[in-house]
Structures are given as C-alpha cells and as structure tokens.
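We just call them A, B, C and D in the order they show up, numbering each chain from 1.
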Amino acid sequence: MTAIPGTSTDVTPAVDDAGKIPAPAAKRARGELLFFSLRSKKFVISMAVLLFLAFLAIFGPMVDSTDPLAQAGLPMRHPTLDAGNWFGTTYFGDDVFSQFVNGLRASFFVGFLGGGLGALIGMFVGFVAGYRGGWVDEILNMITNVFLVIPTLAVLLVITSYLKARGVMFEAIFIGITSWPWAARAIRAQTFSLRSRDFIDLAKLSGRSGWKVIVFEIAPNMSSYLFLTYILLFGGAILIAASLDFIGLGPTGGMSLGLMMYNSVTWAALQLGIWWWFVPPGVGIIALVGALYVMNVGLDEIFNPKLREM
Amino acid sequence: MRRYFGRKLFTYLLTFFVAATIDWLIPRFMPGDPVAVLVTKTGVFSPTQAAEMVKYYTNLFGLNQPLPVQYLNFWTSLLHGNLGLSVYGNGTPVFDMIMAAAPYTLALLVPAILLSWWAGNSFGALAARRKWLDNTVLPMGYILTATPYMWLALVLSFTLSFSLRIFPLSGGYGFNLEPTFTWLFFTDLVAHWILPFLSLFLVMFGGWAIGMRNMIIYELESDYSRYLASLGAPQGLIRKYAFRNAMLPQITGLALQLGVIVAGALVTEIVFSYPGLGHLVFAAINNEDYFLLQGIFLFIIIGVLLANFIVDIVYVLVDPRTRVAMRGGTA
Amino acid sequence: MSLQVSDLRVYYRTLAGDVKALDGVTFSIADKEIMGLAGESGCGKSTLGNSLIRLDGRMKYVGGSVNLDGAEVPIWDDNDMVPFRFREVSVVPQYAMSAMNPTRKIGKMVSELTESRGLRFREIKEELDRRIDLVGLDRDVLKRYPIELSGGMKQRMVMVISTLLDPSLLIADEITSALDVSTQRAVAETLVSFRDHGFVKSMMVITHDISILYQIADSILIMYAGKLAEKAPTGTIIDKPRHPYTQMLVSSLPEVGVRYVNKKLAGIPGSPPSLLDPPTGCRFRARCPFAFSKCLEEPPFVEVDTDHSVACWKVSGPDA
Amino acid sequence: MQLGKTKVVALLAVAAIVASACGGSTATPTAAAPGATTVTTPPPVTATETPAPAVNGTLPPTDTTVYPRAETLYTSGKQWGAPSTWNPFDGNMAMGVVGLQYETLFLYDPIKDAYTPWLASGGSWDSAKTTYTINVRQGVKWSDGTDMTAADVAFSLNIYKNAALGSNFFTIVDKVVASGNNVVITFKGTPAYQEFASALYNDPIVPAAIWTAKNDANILKFTNQGGVGTGPYTYKTAAQDRMVWVKNPSWWATTALSLTVKPTYIVDIVNSSNNAALGELLSGGLDLDNNYLPGIAQIVNGGYGVTTYFATAPYMLGGNTAWLVPNTKKAPLSDPAFRRALAEAINPDNVVVKDYGNIVAKADPTGLLPVWSKYIDTAQVTSLGATFNATKAKADLAAAGYKTGAGGMVTNKDGSAIDLNLEVPDGWSDWMEAENLIAADAAAAGIKIEAKHPAYATVVDDRNGTATAAPTFDLVINNDVQIGNTPWVYYDYIFRQPEIAAGAARNRNYEQYDNPTAWALVQKLDQTPTDDLAAMKTICSQLQKIQLTDEPVIPLWYNGEWSQVNNSVWTNWPSSTTNQIQPATWNGYWQMGAIYMLTNLKPVTHS
C-alpha cells in the first residue's frame, strides 16, 4: 500500500451552490445518492466484487468444511472439479480452496476490525487535535509523529515474542493501533477547516460542549469523508497483515491469505510448480483491496457531485 | 521562518528521543536470553566450554550491567556511532553490518520512491478527466496499489528470473564477482537491482497515479479553476494550476507513507535475498538478534525522520500559504 | 440595447430529471444600465448569470438566444464562447474570496491569464496599476498571495481583474453577501464607478439584497421559480411594485435592515414550487393571496408601463 | 526536469553500493584496482578447455575478481549469517576454516569407520595404552611457505590449556610434548580413548609462529581473516552474503598423496530463503546445497540434473537423530511407563512420509545413527523396542494406572487432566509440520499434546531453564548429536551427569534424566579403547537397554544430512554407489572425508 487514493489532507467536502434543488431537498438528496450509486460504474463493479468475496468468506467455510490445515487429499494435487479439491492441494495435501476461503474470512476480519480500530483512534485524535488546537494539538501531533516513525515491526516483535500463540484477532488489533496516524492527520485538517464555519460557531455560541459539537456538528458534516477514510484503512490493514504474515509474524495456527502466501513460498510452491497454491492468495488480496480502493473513489464521486463525470 | 523550523526541529528531536528509547527497550524487553541462543547455535561444545562461551558473550554484549547503566551506555555509544555488537554476526559491530547493507536498501528506495512519485503523479494528472485513459490505464493503477509487494516481487522473480532467465535470481551482485569499479561489475549490479526496484516502483506508481488523479479532479472543480474558465483561460493553464496544487497533498502523502514504503522494501528484499536492510531484519528476526534489530530500526527511524523533515522543508518551499502563515500574514 | 436575452431556457440535469431553473426568460439591458437581479435562492438568478458566460457541466442549454451589442452570443458552445469571455462578457463570481489561485502571486496569475488570452501583460500592466489605485488597493498586491489579502481586498482585486479588458457586460454574482455592511457599500460604489469610468458598458448585479440594489441599480428584475416576475426602474420596484410577489418582497424589507431575502420570509408563507415539474400557470399561485382561476394559465411578461413589465393576471389581465 | 533529478539520484545510489560493496567487502586492495578488469563474463562455460590450473601447479591469479564458472564450486548450507570469524577455535567460524584452510591430524570416515593419517603420518598407543605418539607428517608447508613442525602440533594441542577456549581436553590429557618429529601425549589415569579419538580428527593444527601471540584471554576475539593454514584452500574474500576460498597451489597432499582439489574457487553462499536457494540450485547457480529443501524427492526425479546421495528414498544420509525430548522432572513425563506409551503412540512414518516426503528415514528405537548400526543390539531392540501401536499405548497407560477422562483423553492417575505442550521454534517449517503430526498421533492414543511454536529464544529458555529457575518445557524436539567416530558422543549427550550448569550453559541432557548407572556406563565406554569393539558393544547394549525401557528421549527420525547437488558444471559427486563420501560442507564434515568430495569432482566438459 502506498499513496492512498483520493485522500487529501486539505480538500474540504465541496459545497454545491449552483442549481440547488429546492423543496424537500433532504429526502430527494438521499434518493439521489442511491440513484447515483447505482449509476456509478466504479461503485457497482467494486460492490459486486466485494459482495462476491464476502459471500465466499462467509459461506465458503460452511460449504467446504474441510480443515484448511489437515490433509484433504494427495499432496500437490492439481485443481480438479471432482473430489472436492477445486483449487488443488498444497505441498502437504491440504485443500487450497478451504485455505483460500478461510484466509479470505480472516482478511475481511482483519480489515474490518483493524481498519475500524484505526479509524476510531484516527477520528478521536484528529477531531480533538483539530477542534481544540493549541497545545493539545501540538501534543497529539507529537504522538502521531512518533507512531509514524516507529517501525511498528519492532513493537510487534516484542509483543509477539511474549505470546506463545497469536491469532488473527491480535493481528487485527495490532494493525488497528498502529495504522491510524495518516487518518488522524487528514481528519485533523478537515476538522480544522470546518471549525471556522458559521454553523459550528452557532453551535458553540449555543453553549454546546466541545464533545457535542464534535459529535453532532462536525462529524456529521464530514461523515462521507470519514467513511472513505475507513474504507482505505480497511484495505490498508489487509495489506499490512499480508506483509506481517509474510515475514512470519502472522497468526500462529489459523489461516489467512498472507499466511497462505508465506507457506507457499517457504515450501517453494512456484519452483515445485504448485502455482495453484501461490496464485489464489495474491489474487484474492488484490481483488479485495483493489475493489475497496475503487469503491472509495466511486463513493467519493457519489458524495461529491462536482466530481461526477457527466 | 526560523521560529517555525526551530519548533519543527524540536518536535523532531523529541520524537527521535522517544522512538529511540522505545527502540532501546526491544532487546531488554525480549524474553529469552540472547546469549543462550548464541551458545546453542554454536553447536555442541563440551559442557565446560559452553560455560566459558556464556561468560565470554555476556560481557561481550555488556548484558552484565544494570539497566540504567545500559541505557546511558546506549546513548553515549550512540553518539559515537556505536550500536553495539550483533549476535547474529557473532560479535560484529552492528554499525558495520548496517553500513554494509544500507546502500542496497537506499539504492532501491530512493529511486523507487522518487521515480514512482514523479511518474505516478504525472500520469494521474494526465488521466484525470480524460475518459479513455481514465477507463483503460487507471484500473491498472488500482490493481497495482492493491498488490502486496512481495507477491508482485515473487511473480517477477519467478517469471523473469527463474523461467525466462532474463535477470539474476538473488543476491546484490553476481556470486562470481568481486566488487570493482568496472563496467562489468556495474552492469551486474544493475541487473540484480532492477527487479527489486521494479516491484517497488510498480506498486507505488499505481498508488500515486490514483491519488493524483483524484486530487486533481478536486482542483479542476475548485473555484479558481471555474473563475479562470469563465474568463476564457485555456485548459492548459487551468490544468497547470490544478496540477501544482494537487501536488501539495501528494507531498504530505509521501511523508505519511514512508513507513509503509520502507516495510514494503523490507519484504521485497527478502524475496530477492537482496543484501539490504530488509534482508538483515529478516535474518535478525530469525536469529533473535535484537541488538541488530535495534540498530536497524534506529537507522530506519532516523531515515524516516530525516525524510519527513525534508518533506516539511519542500512543502514550505512549494506552498506559499505555509510561508505566509510563518510570516504571520492574515490567514 | 447592449444585452438582449429572449426566451432563454437553461435546465439543470439531475438524476431526478431536468430542473427548469431558467424557463423562458426575456429581457434586455441598455447601455450604461446597471440591472439588479433579485429573488429567493433557487429562483434561477444565479443560473441566468452563469449561463450568460459559462454553462457548467450540469447546465443544459435548451433554447432562446442571447445577443450582445448586436452579436449573437453562442452560450451553448463552450469553445465558441471563449472569445466573448473576459473581453465581452465577464463575471465577478460569488466565490470571489476563493477565485484566485492560492498558490500563485496575484500579479503572476493575472499575467499568465492575460498572456493566455493573447495579450501582452506589459502593455496592460500600467492600466492594471491605475485601476488598482482606483479601487484603493496597494499596487504591490500583485506581489502578494491571495491569502495575504482581506476579504474586501480580494473582492476588489477580482473586480479589477474581471473588468480589465473593459467587457461590454459584467455579471456581478452575490458579490456582497460575504461582506460586512461598510465594505458592501464600498464594493457597491466601486461597481458604479466602474460603469462611470466606462470599464464596463452595462452590468447585471445578482443579489438577494435589495437594499444594495436600491443604492446602485438603475433597474431591478425580480425572478420567481425560474421565470421573470417583474422588471422596472429601481424607484418603481421599491415604491409601487405591481407583482404580488414583489410587493411582499419589498414590504418585508424595512427601509434598511433585514438583508437576506432567502432567509425564511415572514411575509410569504409556503415555499417555491419544485422546478423539476413546475405547476402550469402562474408559479406563485400557491403562495399568492390574490390567486384566482385565471392564474391556472401562464401569465405573460408584459409591459404595463414604460420600462415596467410584470407577469401577473391581476396586473395585466382583462379585469385589471 | 524532475526526471533528470531522480535519475541522478538513482545513479548516485547505485554508485553508492559499488563504493560500499568495494569498501565493505574484504577483497584484497589490489582486487579493487581497475587494472585487473580485462576479464570476460563467466558463463558460457568455455574455461574447461584449459584444465583447472593448479593440477600442474600453476598459481591461480590471486587478483582475479571474476571467477570462471567452470573453475568455481558454488556451495550453500553451512553459513547462517555473514562470515565473521576465521578463528578455527571459534564455533562460529566461517565455512571451511577447519578442513579447507586448517587441517587436522587425521581424517575419520564414519562410513568405513576408519582413520586416515593426514597432518600426522601416523599415530600409535604404547603397549600399555597409556601414552599416544603422533608421527608428524614431514614436508607439510604452511601457506606462507614455512614448514609445519612437531612444535606446531604440540602448540596446537597445548592451546587448549587456554581457559578462554573452555576445552576439557586437559581434563583427560596430562601432557603434550614434542620430541623430534613426534608429539607424545600422556594422560591422567585411564585415557578417555573415545573422547581422545574424536580430538584427533577435530582439533585444528595452527602455526605456533602466528598463534603464540594470540594465545591469551582474548583468543576468541581474534578473527584471523586471511590466516595461514596447511589446507588446500586459502582465504580469497568474504562479503555479507558469501565466503570465497581460492585453491592453495602448494598444498602438501598434491605431492604426498597425489590428491588435487578440482575447483579453483569455492564460493559459499550464505543461506537465503527456500525459494531463492531452490531456484539457484535448479538453475545451476548452486552446485551443492546443504540445506533442507522441500520437494527434493520429486526434483531428483524431475530431470533437473539434481541428484542426492541415494538415488531413491531416503535420498539423504542420516545426519543426526531427531528425538522427542520429555521433561523427566514433570509428571506424567517423569513416569517411564508414560514415556514408553508416548513412544508407542507416535508414528514416525507420518513425519517421514507426510512432512518430509521420504527424504528422511524412521529412526531405530535406540536412536543410534546408521553409522553406528554395528553397535545396535538388534535382538534386544526387537524384544524391548517400542514400536508404533496406538492401541497398545492405550492399554499400557491403563495398565500403568492412568485413567481415561472426558472425550477418551487419558488423565493422570489422580484423574487430573493431562495437557502437554510440545514446543518448536516458530518458523522451523518442517519441524512445525512434524509437531502437528505428532500431536495428532498422540491424540489418537488419548494423550493430549498441544503444538506450540514460540520464538526460538523462548524455546531455548523453556528448555534450558535459568540459573535460578528449572526448565519449564514439557516436550521439545532436538537433534544436536551429529555423526561421529563413537556412540559415546551420543550417550554422553543423553545421560550426562551430574547435571551441568543450568541456564544458557546447559547443552546436554535437556530431559534432566537422572540415572547414575547409565552415567557410569557412559564413562566406562569413554575409557574403552577404540579397537576393543566387543567391549564397546557390550556397554552400548546395556545403555540401549536403559534407553529402550526408560525412554529418556524418544527417537523419531534421522534428520537427513541434507545434500543436493546439480550436475551441470561438476559431476562425480558423493553417492551410495560410486564414491561413498560425506557430501556436506558443515563444520566437522570436511575432516570426516568430505574433503575427498573436492578431489573426486570432475568438471563437465562441454564439447
């Protein structure tokens, strides 16, 4: 994961003045969002991919209940439609398909939880820093910087070496608490620009507490932005997880796409011609994360009429 | 101006201090006695010999002093560029090991980051609002950013190196060569460099391209663009402005992404067993060499901090608003 | 006749369908005339202003013609419009505060703009400086970034830029809404002085602040729900408006005071109809106290007096 | 113009590596001189037309910076980290320091169980078998041209008096004295024949002239880069990822034994990831790989030109025995009956087949390596040896008073649940797989074993305990005893008494098995002359009886002496059929005959 598509630290959600539709605008606006969503190619396609993968992740393990880590056939079996091993088997004869669907499930989980946690922390820090400003801002910035520069790997190493076993849950939480800095910065910038708007001033004048203002005035006004941020953290978390798994810091036991990749490499799947062990995890991650990124942009265009192509 | 950088510098130093301290804690916090690991690794001695080796290594690594002392030693020796001794390199100064590896990593990272940033941004700007590019090439960008570094790296090495034999499989330079200032050696070096570089470049390129594409669309819709348009200014000028302004968040983005990019370089090196820091980190992890890890991470911390600082300066140079703000203009 | 607009129709494309923001508008502006254009927000006044210089992505030209100094203005064709923009028709946008590229020195931006329109910056620099003096700015604003200017200064700078090529028609869109009273006055007076100096031949001042128009406009055009309601010399509109909507609008204004017409009007209950599928007949019908059967037919915009046109059966109708 | 800028940066960066690589590498300064650069790129292999130089004594160009493929042997497997010391007394010495550079008095061939005089021309016990006389070979030269003398040999053995080396050579030896061309060694009490015999082919002989100065407390700090030895190779260069040896043109054995090592250069590559190593091996970038690589069985049969010692299963020689090591200080593992049942519960064939794909062999119940098979009392094994039999395991447990609890799982006699942890270092992929299979087998017999893989350091801690705390592990897998001249090594490892220093220094008897009789027998074995095979066998048989009944450690499989070779550049590799030689580059293997691998190699001639 590199530059995060469409995250700007200084673009404020565009306000669309010209051609405002009068009358029951609110309802119509909602209707319009839905309408646009269905009309946005980016959104529809990415949504389709995500739903498909989610479907696999949820029902796959139910349908094919073979233990991903148990011999389920001859070793290094080619993909065949008969006799279960649709995606073939690994070096040890474990069923690749069940590894894939279980791994997919784990990846979704990591993204969902890790991304969510990251978003929460990022929002908290971002809001407080951006709204309060002053020394609070300074300190929070410092903390953010520390988190930005510390090789999180180091911290992970220390923690993992204490845990006799670590699960996907642990990985997700860890990623959550280390992946928020950029989000915090972006949200801080947004909050900053919103802080000076009239309606915020009004809210302040009406004597609402800082929290109330943040929760009821600021957050709703950048809800779309926050959602996009979450999507990006979601995708990012999945990629980070893959990297951790790859250097052997992933979950011990259990399955994940990254772990699949890691195993297929330690057992030299490619050199031994077991490509069907190596390819699915990669393609799975690309499809999942790619779809998320595309959706991010699609939604951006939906939320923000100016960006729509007409 | 000076006040601004003064404050930045201060926060950076503070950040460094905190980060370094956390970093120092690594080996001390680790369960497991590194010496025991080393002795066990050394193979079967006679019992008496094992006892000797334990003594030998324990004071070699200075682990026999109380923690506060060790902490002070850490800083003092740090100032002398001494990062302690490596368990994995049984007793080789960590500093030397890092210095041997760092150039490879830098040679991967610096060009990969700068080139991908430049190419990605230019391309993204080009694609924005140009339907055919937007619909043909940009999707590639999404696929690329969504690709795990090591996966792309593995695909490249398997196809181009293992199957087609176009590029060497692994290593920093041919195992049949000794480093010399010769054309032969130089080309060999590049041949080994190209694939790791490519796998980093491609993934990042996609990211920047998409980032820029989305940024610039915001800019093209902004008020100043509209104003120029209504005064009949040609697209060229409008795009020029938009590009320049869309660049700014991308610069920030670069700073924010550095950590992740470094991580990417690490796994890529592992795939090509490219003798850079990533390879070293991997070895250090597998050998529980926390002194080495500590050193490498410290190196990375410093690198990232420096890069951030540079980005800050660049940002000030390209974004007049910050300059004005510093001059205390109305803002 | 400087500007002649006849039966201009411009719609907004939305997914819900076309919003008839400008539904057959006919009027004209004489040389030297400053015409005010007022109405609730969403009545189409901004649309009218924009369509005269640049239709943005979602505006759709449906019909009608625009004629400036005897020349047809091809507002439907973005490229053919280019020669007119800036030189013939120019605009001071409502977003004047953010109209200038934040990362360019103002002077640099102006020069790049003018050069891009095939002019030598050096040749107009002198004039530019004169006008900067005129609006009471410091000449070295050109060496500054927009962020370094106050709201009023930006506003004035934009006005100078927009009128630099002495356009025949200047559209001033909500230019005062963002300013405080005193600055408003200054800005308004500047507009007049521009006309008097002949920087612009005629002017269309779009605002919902009638009191401003009262100071500077020669005539005022009232729009309602995408159609014209009434046009007359300023005095007439203020003192003896004929259209019920105008009357309510004006009466709801103390001599000086409440400026924001678009804020919920005390006087006028209800809200304007949706322009997606506007009702037939008079669009004010629903809110009009005097509405009667005839109002089911569309009232024509007819001259009921010299330079005074109204679209209301009560006024122009047989039983008037 | 930005491109321009970045291009420049790129170039600078590359230049940086060249510079650092040159600076960083320990190439002889002359090597970096632009003078020595009129060399063509190595492959395609043409150099074989000129037979490997040193045969006719011509010096290999010492300033070469490009090694012709046809004259170079690429190996990998010993080096886990950058080569960092060339001190033959440091256990972490670089690949080949002892064997290629420094040599030993004798070679020992475990396959034939025979000693070959090497730096010694001979050696003999006196009639009373109390003093041993080494006849030092004459005409051996150090690579600096000086002669190797009896004084050097005496010095090299006396160096073990240096406490820093912590050797126990002088706990068994009394005096080492040079007289004429001989070195005479006298012992304290009954000589520990077995132990001494291994010293004869393991202790390196170094030049006194150079080492006298180094023989102090800091002897291990001396890295001895490019040192002076007697061996067939000398130091060429080393870098972070490689160790390069170049042929010593004046090697004594060429004249004395008419032996010539064929490769002019040996480049030992530091171990990298499986896929990189396998890739290099398959593509001929690596001639000999001494790592565990997956899928070897099918690669050997896959027509890649890759071969192993045996053409068929188990493909590899047995290199060491992998045991399941129980913590005999913790119940229920403290109960021999339980340990035995455990031994019966596990089916090593699962590991052999499923995990290793038949490249290892199931271990003999005694755990003695094939090279020691003659010491195995087969009759006794058949009568006492535990063999896989889950039902019998269950029965034995019941008989021993263990109850069956929830889910058919065996509980302690007091009915409390049994839940054993089996620890294997995280990332040791083949063992982690084995661990799972073992746990599964045990479960089938009702014994609950949880497969854990914490960090290596944690495993070491749990296994060794600390100076203060006792070891906390339940079960670990271990394979520390390599093949050697005597089963005494094997039994000393298992039965060592008294328990030596806990914590980091513990490196034997991890199971903490406490059996004085066994220990007495081990010492008796040590003091049995190496030629008294009958006596050795009897003692071994008694020790085996203890092993088979008490199962202090549970032998599972023979970890392979991993060795796979590519025949595209060099052929006539060690194999079970043609030349039975140890095919490994690990420490200790050169002097176990692996050196002959280099003299027997044949370059492939492309014509």
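Points worth noting:
Going forward, a residue touches a chain if its C-beta (ideal position, glycine included) is under 8 Å from a C-beta of that chain, and two chains touch if they have at least 3 such contacts.
Here the structure is a predicted model, which is why all the values come from computation and not from measurement.
Both chain A and chain C are touched by B. Looking at A-D and B-C, the interface holding more C-beta pairs in contact is that of B-C.
With respect to chain B, maximal separation of chain centres occurs for C (centres as means of Cα atoms). When every chain is reduced to the mean of its C-alpha atoms, the one closest to the centre of the whole protein set is B. Note on chain placement: the centre of chain C and the centre of chain D lie 91 Å apart, centres being C-alpha means.
With each centre defined as the average position of its C-alpha atoms, the distance from chain A to chain D rounds to 48 Å. Taking each chain's centre as the mean of its C-alpha atoms, chain B lies 55 Å from chain C.
Centroids of chain A and chain B (each the mean of its C-alpha atoms) stand 22 Å apart.
Touching of two or more other chains is recorded for residues 30-32, 154, 162, 248, 270-271, 286, 288 of chain B.
Residues of chain C in contact with two or more other chains: 56. Along chain A, residues 161, 248, 265, 270-271 each make contact with two or more other chains.
Of all residues in chain D, only 273-275, 278-279, 282, 293-295, 298-299, 354-355, 357, 426-427, 429, 433, 436, 452-455, 457-458 touch chain A in the complex they form. Chain D makes touch with chain B in their complex at residues 2-3, 5-6, 9-10, 13-14, 16-22, 24-25, 27, 31-34, 36-37, 39, 41-42, 64-69, 72, 74, 80-82, 84-85, 90-92, 163-168, 171, 220-221, 237, 239-242, 244, 267, 269, 272-273, 275-276, 279-280, 282-283, 285, 427, 455-458, 460-461, 464, 466, 480-482, 493, 496, 500-501, 503-508, 587. Residue ranges of chain C in contact with chain B, taken from their complex: 53-54, 56, 81-87, 90-91, 93, 95, 98-105, 112-113, 116-117, 145, 147-150, 158, 161-162. Note for the complex: chain A touches chain D at residues 69, 71, 75-76, 91-93, 160-161, 163-165, 248, 252, 263, 265-268, 270-272. Within the complex, the chain B residues that touch chain C are 222-224, 226-234, 236-237, 241, 244-245, 248, 318-321, 324, 329-331.
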